[in-house]
Structures are given as structure tokens and as C-alpha cells.
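Which chain is which? They are A, B, C, D, E and F, in the order written, and residues in each are numbered from 1.
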Amino acid sequence: MITPIIFIFSLLLSSSHAAVQDFCVADLSLPESPAGYACKKPAAVTVTDFVFSGLGIAGNTSNIIKAAVTPAFATQFPGVNGLGISLARLDLAVGGVVPFHTHPGGSEVLLVVQGTLCAGFVSSANTVYIKTLKKGDIMVFPQGLLHFQINSGGSQALAFVSFSSATPGLQILDYVLFANNLPTEVIAATTFLDAAQIKKLKGALGGTG
Amino acid sequence: MITPIIFIFSLLLSSSHAAVQDFCVADLSLPESPAGYACKKPAAVTVTDFVFSGLGIAGNTSNIIKAAVTPAFATQFPGVNGLGISLARLDLAVGGVVPFHTHPGGSEVLLVVQGTLCAGFVSSANTVYIKTLKKGDIMVFPQGLLHFQINSGGSQALAFVSFSSATPGLQILDYVLFANNLPTEVIAATTFLDAAQIKKLKGALGGTG
Amino acid sequence: MITPIIFIFSLLLSSSHAAVQDFCVADLSLPESPAGYACKKPAAVTVTDFVFSGLGIAGNTSNIIKAAVTPAFATQFPGVNGLGISLARLDLAVGGVVPFHTHPGGSEVLLVVQGTLCAGFVSSANTVYIKTLKKGDIMVFPQGLLHFQINSGGSQALAFVSFSSATPGLQILDYVLFANNLPTEVIAATTFLDAAQIKKLKGALGGTG
Amino acid sequence: MITPIIFIFSLLLSSSHAAVQDFCVADLSLPESPAGYACKKPAAVTVTDFVFSGLGIAGNTSNIIKAAVTPAFATQFPGVNGLGISLARLDLAVGGVVPFHTHPGGSEVLLVVQGTLCAGFVSSANTVYIKTLKKGDIMVFPQGLLHFQINSGGSQALAFVSFSSATPGLQILDYVLFANNLPTEVIAATTFLDAAQIKKLKGALGGTG
Amino acid sequence: MITPIIFIFSLLLSSSHAAVQDFCVADLSLPESPAGYACKKPAAVTVTDFVFSGLGIAGNTSNIIKAAVTPAFATQFPGVNGLGISLARLDLAVGGVVPFHTHPGGSEVLLVVQGTLCAGFVSSANTVYIKTLKKGDIMVFPQGLLHFQINSGGSQALAFVSFSSATPGLQILDYVLFANNLPTEVIAATTFLDAAQIKKLKGALGGTG
Amino acid sequence: MITPIIFIFSLLLSSSHAAVQDFCVADLSLPESPAGYACKKPAAVTVTDFVFSGLGIAGNTSNIIKAAVTPAFATQFPGVNGLGISLARLDLAVGGVVPFHTHPGGSEVLLVVQGTLCAGFVSSANTVYIKTLKKGDIMVFPQGLLHFQINSGGSQALAFVSFSSATPGLQILDYVLFANNLPTEVIAATTFLDAAQIKKLKGALGGTG
């Protein structure tokens, strides 16, 4: 008969500092470090920290781009903090567009779950990679490159995107140019766009200056 | 009037060594390095390298686990090589199970697209994190930890998993123990399983020794 | 004659923020980050932070596995925090075994100092790598793969293991399966083990459910 | 008297595989890996591999942006391959501009050596960080974020930029939008720019479609 | 007419936890982590955090080495914290020398802005790489290797150095040997230098023991 | 009764490109990359690639330093390539010394197996950390810092060192200064050592110039 094993690994398993860095669930109330959010104490971690239900709800596409992005980054989904991975949901109504943007902190893989998308990115060598994607197709967008997605089908589209970072960031080109206080003359000088064009889009997107 | 810009960045853009490491599409015919497969020459890269359609096809679940895993790792999907990300598709028929396994090289996020799954993992501190997941739910499994997924609903389930590595690896516990030539006495000594149990499962899984 | 050098590097050397990240001795009382424990203030660091004597003491092998693991991870040995390295001591009495386990966070090199060990690991491709090791032999176990060590000689064995992480973690297969509250039916479904076998080992190892 | 030391480290120092990864000078003729170019054989490496004189020559600013960028990335300066660092030279004539661009692979620090620059970047949170820089000032542009530099003084300006990557990449916004074959309707849909504006700039920058 | 876009990315952009890890400006008052200083709250960050003017001022070379090093590491220039890059200024009067030293944490690229320098490093294979550098030349010193710079021209020299780390560290050989309390007999035993030589330089550099 | 499982993971397990990056055993005949040696084809890998017996043999201490270092880096022990770990053996006869040196590529942990050592390192802040170590003691030397070991007992000493890199490198101070062709005047200028002292040690260590 086998008798209960004496807990030989007790130093490891019973330690009050049990966090052996399997994971680091984000505690948003503490100061951040360059590697991500600080860790919640292991004793306070529960399975709900590792599960997120927010991507099950369709985003509101009643807007000018007829699209919605719902992130599950470390800020929304603390369980991925420090693990180099995160997700987001894309809803695109008919005619919907996710405008040109970059993720400064990570690469992205797009998975089409419903509908048809036209997606593309441009490389540092200025080559355009563009493709029409159907349900079940996946496409990768390497880190930091400008890319876009367009609902090119006749029906609602649904996609999920994965990132190689828990905090990939999101920089939307139109927001950078037309939705903040960057002066029109600076934009004109650094993009060659006409001032009238800039002012028109600043008006639409809420930019000042 | 604006006249055509002289290509001031010509050194960068016209270089015959244009690969500025935006990406490194895998060339499976060349020797690998610790960082992944060697890169296809940039001039030979096309958009099809960045797109994969293999996850659009349901895996065959007519097997004893009533489940199928279809990977889109760098080996199958060369565009993700070196980018720290990859995907896979999980099909689980009614009663289907993805048995206990680990990914030695990366963390995983599971996304339920159809059906209901019961998923769980165990930490180094031997805490069990287990949860029933519905359509739209996501769950993260930190790198290297043993985890499993069970179709706990009454219908076919479909899920997609993302990894924080282009080559996360996959080590299925039952395969490690019962589907190779590891001698029964070694397995018995290192797992405390009874020899009869080991032999029964070796028979089922094709193990020898 | 040489006169004393004026301290030209004074900005660096006299800074009250002198920690130029040569090291980051763990302060276990502060919140952790994904990169490890927070750093003790440089002024409070002494040479004893960089020295650990706990591996000089033989572990207690009077237990069912006739073996003991004594870790010198960042939790026990704060000087290695953030440096990507740590050690542990293995004592194996005659017949002693370190059961199947993984280190989710790092690779391991085993060094046999006394006795004879039979050690092995299994790859993602399900190949078994197994070898009898004598005094002075070293063997590497790549990150995250299931591996074991058995005292295969007729005398006490002593080994030291090094890790490529300050917090490699330790997941012992038998603990995952039989020493927590994971329900028997879940274990049966995800391992194909018989319920009787599972209950027998739960009894021996203290598992419930 | 001291007699010559017998070369006790001979295994290390006399090895025919002497490359102990101090450096990896790029051999551009071999296949690349995700971590950079392959290494030149150590025996063929000379000091000239670690020195580059190309940044000593002013770039030609007789172009529409009145500016020139001269890179010393791993492709031009093989000695930095694998070391996570590279440089470039910026020449800006009066009125010169380095238009909005990103470096997908690394952060940048700008050093003004002559003249006055107005430089800025926009964060993921859409905050604008903009500043006039004088001789001796340095400014950091975090990885992957859109940024620009303008000669805002009345004289020629000279600056050097350093990167946290040997191959940081360079994606110039105007090139992405107006200097390739991305169709006008796609650009319009993904930027909200007017078709007339797009066509005007395609004309100036050589774009087609 | 375009109407204002509804802010579809509001979850990201309006979050009170807006820090999506574009950057992590150092807050020197908080505990450090192995990855660097803790981050200042995003709301408190201004453009001045990303700009540093300290390198515009010549260092004081009225000292025995006739040289001065002015660092812009994360401690002095908080904006580079976590970004893997930093700078420093070197001033060398006629006959000035930056003595043999290493940067334990990063590689260095030297840029000569004025004058002529003789610079060199030694590899692990004990090969000497030495070169006379003129204005505009750059030279790379791989991580952790001993190197030096000498003003070999007849006039004041000015150079800037970039590092592949925000906290590269600086270990000056003469300081290690002769400017602390390391006992003379230990130095003699570990360097083969004569005791008289050691004591002479201890006297000059302020060493004790 | 259980029938044999159909191999559902066949795509992964039967792939001709089975290398899922669990490991990358060095093939020294192929070009290196910045991340290490190229990988041997998985089919050619055997357990002997993961085992090394060279550290079981005492080094020859019949030399002026009465010490010997036997490395098990990736060059000698191909199984550790790419895994961020390696070992070495130190033999020190009575009076033996491992002179001041650095490892540019990794941190080190020293384990004393026999005898008594006096070991020390100096930080960037020029603080000396020195300690007498007995059998079983371990001490960590952070990456890139100058350190030494002295046999301070009355008997032969034996130690093993672990590194956080498969190719940590080794730069011995005396070799850098006195065992190559670095000119005496350059050494004098960059170390403040007297020419006579330099010439004496060049004579002993084989240096020229």
C-alpha cells in the first residue's frame, strides 16, 4: 500500500512567496514597469482573472466607420499581463472599415469568423500586401506596419485579432493627423496634404489647431 | 505645383538587401536557428505568405478523443516565423476532449466560437483554475503549464487558440507516457502509476517498451 | 608624480540613484512585475545578498520518493532576481526518484556530483531522450519539456541543477493530477486513466474530488 | 621571475569555433534569420567591419523635402548586426522636413548637432508631444509611433539619430499612401482623404492605381 | 458632408489606465524592477520628459584624464526608461583619454563630431580592434567588452556615444582596481601587477586597503 | 475496451519539418546567427547531443595560475545552443587563482563543490562584493562585471559555474592587457600603468608591441 508522500517540495509549494512567475495578473492600481503592470498577489488570483467575456458582445457599429474594435489587452483582461499575448474583436457592418493604423508594440493575426474582408499592409520597402479574406482565413500583419481592414462583402463581418503583446497599442492614422491639437501647418508640412483637406477632416474628427 | 519627389531614401528603399527585418517569412528548406526558420528572400515574398486558409476547414473528429487540432504554426504558416505569434483551430465533437498537454514555448489564449467548453490549467503552486466557457469567452493558459479542454455542452464545439510564439510546441501528456518507447518500469517509477494501467494505455496509444 | 584624479564620472558614481541595473536584488516585500521581484535599494545591498549557503545542506530523503529538491530560486536567493539564472540541489537516496515534472519558465542543466542517475526527457515530437549519467556528467533538459531523474546506482546520489531563469517554476505531474481538487472524472477524461487508478493515487498524494 | 603562463584557457581561445558570440558581423550573402543577418566567420572579421565612414558625408538635400536621411543600419554597417543598435544621419536644408514616419522595429533618439529642429510624435493615447530643439538637445521617439522633424531655424540643420535595433525599418507615411500601387478607393476608404487629394499626391510621389 | 465620428475606440482612448506601454517614463522615487524604473503616471508625462538638454554643455576636462563623460541614461533622461537606448557625451581635451572600461549592460556606437580619436576594443578571443577615427566616423563596441578612446589629434575632440540599453552601466578598469577598498594582495593575486604599482595607483585614485 | 487512438495531431507529429523549436542542437559547420549556432536537423539529434562528459575530468593546474577552466558552452556542448544556459568547471590547486575577468554575454553562479574560495566582484558603482565561500555555497556574479576567484584554503578546490547564456564569452583582464599586440603606450595611456610594469607582464604573458 502507498502511504501519503511527505511534501518534499514544501519549500516551493508552501512558500508565502509562492509566485514563481507562472503568471502575473495585472493589478491596475499599482505603478507600472517597462515590462507591464505590477502583479496581483498570488493568493488573490482566481480563475476569473484568466477569463474574459467582453469579446462575446458585438461592438456598436452605428458610427461613421461602421465598425467597432473591442480590445482584450492587459488593461481589460489582466490575466494576459506579461504573457506577450492579447486579443481584440472586430465588428464591421456592411461598408465598415478599420482605417489605416499600426500597433507599435506587437504583430497581429486576423481571423475571419463571419463575412468577407479586404485587408492589407505596407512594408518598410513600400510593397503593398493586400488580400480578400473569407471565413476561416487568417492573415498576419508584422509589428508596427500600417494596415487596414475593409468589409468587402455584402453582409456583416466578424473577426478576431490576436497580438504578440499584452499591450500592443493602437495608433489610428486619422486620429494622429486629424483628432488632436497638432497644428494644420505642421500636418501640411509633414504630410504634403492641402490645408483645406486637413481642416475638413479636423472638423469631422474633432481636431483643433 | 508639386513636382515628383527625388527618392531621398533611396539607399533604404532600393537596396538589393531590402530586408529590413519587418518580417522573416520561413524558408523551410534552409537550416534553422534558435530564433526560428531562415528567411525567404524578400523579393520572393508575396501576400500569400501572410495568409493561411487551413483553419477554415473543420478537423476530423472521428477518433477516440472526438477532437482535432489544426495548427497554423510557422511550419504550416511561414508568414508568422519570427513574429512571436501563431494560431490553431480546435474542433470538438459532442464528448470531445483535448487531453492534458503543455506548450513548452508559449502562452495560449482560447476563444470559443461555437458551443460550450470546460477548460482548466494547474499552476506551479498546484492550484487548479477551471471554468466553463461559452461562445465569445476567452481564457488564457500561461506558458508551459498543463491544461485541457473538454466539450461540456451537448453540441459540436469550435474554438481558436492563439499563442505567444510562432512555434509553441505541443506536448500531450498521454503521448509522453503511453505512445513512445519509454519503458513501463521507468514510467511506473516516475509517475507511481500501476504497471497494468500503463500497459493498458500503451496498448491503446501504440506505446512499446 | 600623479596627483589624485578629479572624479570626472561623478554624475554616474555619486548619484543617489546609483542603481544602473547591474543587478536587482529581490525585495520580497514589494509588488512583483512580469520581469521579476522589485529591487532592493542599492544602498541596502550587501555581499550576503549574492551568496547562498542553503544548497550546502543535504535535503531530507526520508519520504516516499526517497529524494529531495532544495531550490535556490530568486525567492530563496534574492541576488539572482532578474539575472536569468538559478540553481537547485537534488538529493536522491538509493532508489530515489524525481518524478516526471516540467519547469515552465526555463531550461535546466543537471550536473551529477555523486552517484549514478538515469535521466530523460520527451520532446514535442514525442521522442524519448534517456541516458545513464555518472559523476561529472551534465545533461540539458530544454524548457518546458517533461523530464525525470532516477537514482539508478547502488548508493546515495547528489546533483545540482542550473536553470535559465531566476524563477523557472516546477510542475510535478503527480501533483497536478493527484494532489489537488481536480475532479476524478475530469482527470479520467483528460488522461484516459482509470478512475480506480486516479482514486488510489489521490489517496496517496492527498488529492480530493 | 615570472615565466610565461601556460595557456590554461586554451580550449576557449584556440578553438577553431572561436566565435563566442561577442559579435556577429553581417554576411549579407547568406540567408537571414529572424534575429538578423548570418555572421561572417570570425577569422574574416577586421576592424573595418566595426567602423563606418558613410555618416561623415552630407546627404543631398536638393529634393522636394529639402532633407536627406543616410542610414547606418546593419545592411550598410554590418558590425552592428545582432547588437540592437544603429545610427543614421539627417541633413535638413532651410525649410527641410523629414515627413511623418515610423520605425516599426525600434525606438529612436535624435541628437541635434547643428541648427534648430521642431520635432514631434503622437502616442497611442493620441497625445501630441512636440518641441523645438537646439544644438545639443536630444529627444526620444518611442518604438513604432508616428513622428516627424522640421528644420524650424533659418540655417542648415544637422542631426544624428540612434536606434534600439540594428534594423529599425522606416515607413514613411506619404510613401505608404501615395508612392505605391494601393488603389485610390482603398486609400480613400481607409483614410477619409478626398480622391482628388490622393490623386494629386500620387502624381507628385509616383503612386499608381 | 462628413459628420463627426463617434469615438469607437473609446475603450482604448478614454481609459483611465491609458498607459498602453508606448513608453514608461521613469519615476525615480518608486522601487525599480529588473526591467528598469517604474513608470510615471501617463497623465503626468509631458514633452519635457522626452527631451534632454544636458548633452549640449561641454563636460569639464580639467582633470588628470583631460576628458569628461556626460551620461543621458534613464537616471538622467527618464524618457528612455525601458526603451533599450541611451546616449552620452564625450569631451576630450588635447591628450585626453577615456581609460579602459566596459558597459556591462549594452553595446555602444561612438560618433565623432569634432577632432580625431584613436579607439579600440578587445574581443573574447583576445583580438585587438583599433582604429583612428575622424569627424563623421562611427565605431561599434560590442556589449561588455573592454574598450577605450584617446584624443589622438592636436585639438579638442567631441563625440557622442549611443547605447543599446537605457542603463548600460559603466565599469572603469582603473576604478575597479585602484579606487575602492579591494586589498592590494587580492589585486596582486588576480592581476599579477606588482604591489608597488598597485599602491602607486591607489594613491593617485583614492583607493584604500 | 479502448481502441487505438487515431493520430489526430498527425500534422504536428508526423511533419517532415518536425522541429518545433523545443531545442536547436548546434551544427558548428553551418553559419551562425546573432541568436546562436544553426540547428542540427531534428532527425540527426540523439541523446548524446544533450549530454556532456567533459566536466568530469579535472583540468590541468600545472601552470602559473595553478588553475584551469573547462568550458561546456554551446561550442563544446551543442545541446545548450539557444537555450540561454551553459556550464564550466573550475579546478584550483593550492594557491590557484582565476584572475580578474568578465563574461560579456551572461551572469554566472559559482557552486563550490570542494575546498574554500575567496571570490569577489565590483559593481558599476565601484562597490566591492567579496566573500569566502565554503563547500556548498553559491555566489552570483551579475552580467559583464569584473570578478575573480582565489583558492583561499589549504587544499585543492573544485567548483562549477553556470551561466545565463549558451555563449557567455570570457575576457581575462591580463590577456586583454598583456597577451596580445596592443602597444605599450596605448596600454599605459588607457590604464595609467607604468611602461616597465606593462613590459614585464607582456614578457610573462606573451604580449607583443
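Rule of thumb we're sticking to: contacts are C-beta pairs under 8 Å (C-beta built on N, C-alpha and C of every residue); 3 or more make two chains touch, one makes a residue touch a chain.
These numbers come from a predicted model, not from an experiment.
The chains touching chain E as well as chain F are C, D. Counting steps between touching chains, the shortest path from chain B to chain E takes 2.
With rounding to the nearest 5, the Cα superposition of chain D on chain F corresponds to a rotation angle of 120 degrees.
Simply put, of A-B and B-F, more C-beta pairs touch at A-B. On a Cα centroid basis, the chain most remote from chain F in this structure is A.
Between the Cα centres of chain A and chain D there is a gap of 26 Å.
One simple way to say how far apart two chains are is to compare their mean CA positions; for chain C and chain D this gives 42 Å. The geometric centre of chain B is 35 Å away from that of chain D, both derived from CA atoms. Contacts with at least two other chains are made by residues 2, 12-13, 19-20, 22, 33-36, 83, 104-105, 123-124, 126, 130, 142-145, 169-170, 175, 192, 200-201, 204 of chain F. Chains touching one another, given as pairs, are A-B, A-C, A-D, A-E, B-C, B-D, B-F, C-E, C-F, D-E, D-F, E-F.
Of all residues in chain B, only 2-6, 8-9, 11-13, 15, 17, 19-22, 24, 27, 30, 33-39, 41, 81-83 touch chain D in the complex they form. Interface residues of chain B facing chain C in the complex, by the touch rule stated above, are 97, 99-100, 102-105, 118, 120, 122-124, 126-128, 130, 142-146, 148, 150, 169-171, 173-182, 186, 189-194, 197, 200-201, 204.
Against chain D, in their complex, chain E makes its touches with residues 2, 12-13, 18-20, 22-23, 42, 46-48, 50-53, 55-57, 72, 77, 79-80, 83-87, 106-109, 111, 113, 121, 123-126, 129-131, 133-145, 160, 162-164, 192.
Listing the residues of chain B that touch chain F in their complex gives 28, 31-36, 59-60, 62-65, 67-71, 73, 75-76, 104-105, 165, 167-170, 172, 175, 200-201, 203-206.
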